[in-house]
Structures are given as C-alpha cells and as structure tokens.
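What follows is a set of structures for review.
Below are two complexes that have chain A in common, paired first with chain B and then with chain C.
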Partner chain A sequence: MSASESELDRVVPEEWSVTDDDEGLAALVNLVVVLADSKFFLGRRFSDWLSGGPSLESAVALAAIAQEELGHARALYPLLEELPLVDTPGPLQRGAERERKYCMSCLSKPWEWWADVVAALILVDPALTMLFRALENSRYVDLRQRAARVPSEEVFHRKYADGRVRDLARTAQGRQTLQRRIDWMLPEVLMWFGPSREPGVAALKSQGLIEFDNDEMRDAFQTDVFPILEENGLCVEVGELPWERWNSLQRRLG
Partner chain B sequence: MKAERDQEYYDVFARRKAEEPLEHVGTVGASEPSDAEVFAFKLYDQWKWTEQFVARRADIIEVVHTP
Partner chain C sequence: MSATVAELEAALRDVHDPEYPISVLDMGLIRGLRVLQGGTAQVRLTYTSMGCPCKEMIADDVRDALLAVDGIDRVEVEEVFEPWTHRDLSRRARRTLHELGVT
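The block that comes next holds the complex of A and B.
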C-alpha cells in the first residue's frame, strides 16, 4: 500500500489509537479503499455476466457471488469515514462518484468473454481473499471484524471458480481462450500484492495491522491458485513483471 | 464453444432444525459433485439450513415406484 501521496492529510488525532504513525495510517487508508473498490468492481463485472453464464445454475451461483462481493465492498466503505484523515476517498455507489479508482485495471471495463469471468474468479477473487486473510489478526478491530466473514464466504466462490476452470479447460479451444485471459490478468494480480518490502505494507506489519508482507502474500497466493491452473494444462509463467507501469497508490497497471 | 461439461442431476436435501426430517428441496444440474454442492448452496438458500446434502440421482436406488 502506498504511503507517499501528498494528498493524504498526515494529521493523526490523539483519540484514534490504532496507529500514531503517519505512514502506517496513510497505508491503512489506502488498504481499505483498495479492498473496497476492488470488491465493488469485481462485483460489478460479475454482475455484467449474470445472464451470460453457460447454465442457469451457474448464472444463479454467479449472481450470489456478485452480491457477496458488493456486500463486502459495502461493509468496508464506512471505515473510510472513521479513519482520522481529511479527504479520504468516498464510497462508490454506482462507480462514477470519483474519477480515481483504486482497483486493478482489468476490473475497470466490462469484459468481452466468459473466460474473463473465469480468470477473475480464479485470480482476482483469491488475491483479494489472501489480503483479507492477512487482516484476520489485525489490531484494527473494525477492519478485522469486517474481514473475518470474507474467507468463509469465499470458500464457495473458490469451489465455483475451480469448477469453471475445469469446464473451460476441458477443450483445447476453451483452454486457449482462458490462457489468453490469464496471460492478461495474472501479471497485474501478482503485482497487486506490491513490490518486495514496500514501505506502506512494512509499516502496517510492524504495527500489527496486517500479518503478512508483500512477498508472503504473493507466495501464498501462488501456492493456493497455481496448482488448479497447472492441473488443467494452463501456464502460469509470467516473466519479468512490468513494475515501471505500476501505480502503487491505485494498485493497478497504468 | 461449449463452456460446460455434460451435466447430471443431483437431488438436494436439507433440514432446518436437527429434530426435523430431511426434506427434498429440489435438484441441480452439475458436471461434478463440488459444482452440485456450490449450486445447491446458492440456489436453495431460502432457509438457514442446519444440514444440506446433494446426492447424484443416478446413485439413488429406487425401492418402490408407483406410476
């Protein structure tokens, strides 16, 4: 999480006791808005495809998943109002309330293919869940409580995702289409955890606000997700990540 | 491009309270048991069940059938 933006007011009132460190507080605000915006746009992108799933069962399950993603966003946005910074980003209702969005660029525009939905189910959603897991023991109680329900709901998202990967990958054409969408999304998802030893995340970790550092989260994500992709004949090699195009504040490729 | 494998029917059973009998609440079409589990959980969520099960219809042994 970025901690270097001049737009963030660095005044930390004494009555707010989660952290008295400017860098940690700025990183915490960024963390909350990144999680909330990412959940918001993931839910929106899934909802674009509610009538596009390959079966009615699949569509209903996706509708439930979209609803839960939006619910997670809705639960997180009020935290921005309680954090003691002036001019924190406001909550999104319809997505156009502010110009700056704090989510991966792959979530910014409607998807053209069902394979985009499947790639996001198996890449973006588990990446977000990994960050929520890193908050399960956070010293910030309100965030910890909101984060606590997410991994249990995500168990079904993941089962659904694994099934959709197996569906698409069972034919050469489906596997190739899914591979192209994975090749598009995966570098940004891996970068979303941030570069090694990122100062904002280091500040959060040192203050007990997050449990894992950038590399620990990225490694755990890869351990969690790569086996199902490889078992289905999908390649997860990405080469060198394009950090020169990385926007650390908005957590997205520019 | 067909985006799903061949499906089979699964019957969905659930009960609201431990002392209540198991009810047949519906069916789902799924290509593997874990999909049936997800679809049943998401489709038949009208109650907060204490237990819910899916059973592949082909595995159910018919004992009596009255046309």
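The block that comes next holds the complex of A and C.
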C-alpha cells in the first residue's frame, strides 16, 4: 500500500477529554476495568479447556478464541493508565495481582463441564460484545477505536457458539446438561448489564461516552441470543432476578 | 538530508509477517507513514487480530527496519486498532498465499 501523510492525520470531532466530566470519570473507569477483567477471565476460562474439549477441532478453536479474548483485555488495560482517578485498578497479567475482580462470578473459577464452555460462548461472550457495540460511537476516542474492532472479531466466536449449541442440544442428555448451565449463567449475564436507570450509565450516556442504556443493551442481547437457544429446545425463562445479591461495582453476584 | 516516505516503504518491503513470507505492507498492516523534521518516522500499524501474539515482534522489526534508513534516527509506532480483513492483502500477497496453498 502507499500511505500518504493525509492518511496519518485523523480528525476526531468532539473528542471527549478526561477534564470534561468528573461525574462520568468514575463510571468510565469502572466500565473499562469491567470489560477488561471480563475479557481476561473469559479468555482464561476458555484456555482451561484447551485439552479438555470433545475434539481436536474444539481445542484449536478454543485456543484461537482464548487468544483473542486475552488480546481484547490486553488492549483495554492501558486505558486505565490514562484515566486520572485515585485508586484506579491495575491491569491483570496472571489474574492474582489484585484481590477485587470486576467480572461475573461465573468466570471466577475453572468450569467443570464442557457445557459450561458452550453456555459461556453463547451467553457471556455475546453480552460483552453488546457492550462493545454500545461504545462504537463513544466520544472517548481511545476506547472507541478498540470497541469498534472487537465485534468484527467476535463474528467467528458466535458462529462457533451457535454450532456448539446445536451439537449439544441434538441429544436429550446434552440438551439437559446445557440447560442446567444456562440456568446457572443466564440470570447473572442479564444482570451484568445493570439495573434500569443506573446513575453511572446515565452519566456516560449524557456525555456521549456510551450509546445505549442498560435496558436497551439487555433487550438487544436477548433479541440476539434467545432465538438460537429456543430453536434448539432450550428454555430462557429466568424469573425474578436476584438484585439484592448484585454487586454493581464489580458487576457480579456476590 | 531527510528520508522520504518512499524510502520508508522500501525498507518495510523487507519486514515480513512472522507466519508468511509476505511484507507487512502487502499484508495491509501499515496504515500510515510519515517523516517528520529532525529524522523521526511515524508509523500507524494495525494487526490481523487484536490478540496477535506477535505484536511486539512485528513492531520491533518495523522499528529496526526504519532506523536503518539514512536520515531516520527515531521511530514512533502507533497501534491504531483498525479492522483487518483478507481484503487488505495486496495482489502480491494473495499470489504468495495461493502458492503456499493458503485459501
């Protein structure tokens, strides 16, 4: 390719600055660390299964997916260094650098079953992607650049996830096993978007840092994911969500 | 005498992707080149994937190649996170991949 100087110069209209909005800063730091930690631990959980999946193909696919999840985390952590907030959480390299983790509790420990991997592929990964979609037009340019790229890489994860749901749901035993893991993960995934009218997200939205509110993201997620589950005989009814056990800072069930 | 963008491009023709004998230019990884006053080269670089395990290696190879150009004594490499698809491959890169049996 031939690159010219004009290609190098970027025009970023209405770029957000950390000095613009103190109110949104804390919410923004929380958003970045939640996304980064979630990607980090999702990648770690997938990598736990590199030698435990049902086929050589699943090992190869999970290696690629885990590498990309960890790559997304690695791209996000440097943003924490440029956000001037006291006690900003630091990046994770091996997972034990800090006690407080900002991700769903279902990502905290290695999974026991292959169905856990499939449930996370079809629930957790698309939930994270939905949040990245909400950031594709963010006024925070360094986050927007990263967020805009993630969904295109996630297309392949989703195709793989859909296929694994169909595989498992093909037999009654597989479908029942997957249903149990969905019943475990789905309430926390739905809560992960946060309660309605959450003040921090409202501040982010009013500043143009995020495009959708929690309910809009949750609805879009359900519209995206529920059809493939229902088509394969899986139930997505969750009943009342246990908000009394919800940790809004760490984005997890406590 | 300052270097030119054409000289930077020529230097990058010898920097290959770690997986294939294809230059980073033909891979479509270089998204911008500029020579500043005082001998600084600026490079905008993207990767085939955000999880590419060879990021540091590629950036180091790019930096070393540009520092070898007469008139360049400083190189700034910026990762720009721009999407990459197979459509970013040059015709020469496609031909090489075809010869290697990569579809």
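Here, the second predicted complex is superposed on the first by the 236 of 254 C-alpha atoms of A that agree within 3 Å, B and C clash if a C-alpha of one lies under 4 Å from a C-alpha of the other, contacts with A are read in each partner's own complex, and residues count from 1 in each chain.
Please note the rule applied: contacts are C-beta pairs under 8 Å (C-beta built on N, C-alpha and C of every residue); 3 or more make two chains touch, one makes a residue touch a chain.
Remember, it's a predicted structure, so these values are computed and weren't measured experimentally.
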Which superposed partner A:112 touches (first chain B, second chain C, both, neither): neither
Chain B versus chain C as contact partner of A:177, first or second or both or neither: first
Touched partner set for A:168, first chain B, second chain C, both or neither: first
Chain B versus chain C as contact partner of A:87, first or second or both or neither: neither
Touched partner set for A:145, first chain B, second chain C, both or neither: second
Contact residues of chain A, present in both the chain B and the chain C interface: none
Complex contact set, residues of chain B against chain A: 1-5, 7, 28-32, 34-35, 37-39, 41-43, 45
Residue ranges of chain C touching chain A (in the complex, touch as defined): 5, 9, 25, 28, 30-34, 42, 44, 49-53, 80-83, 85, 90
List of chain A residues in touch with chain B within their complex: 54-55, 57-58, 60-61, 64-65, 114, 156, 159-160, 162-163, 166-168, 170-171, 173-174, 177
Footprint of chain C on chain A - complex, ascending: 1-5, 7-8, 67-72, 74-75, 145-146, 148-150, 152-153
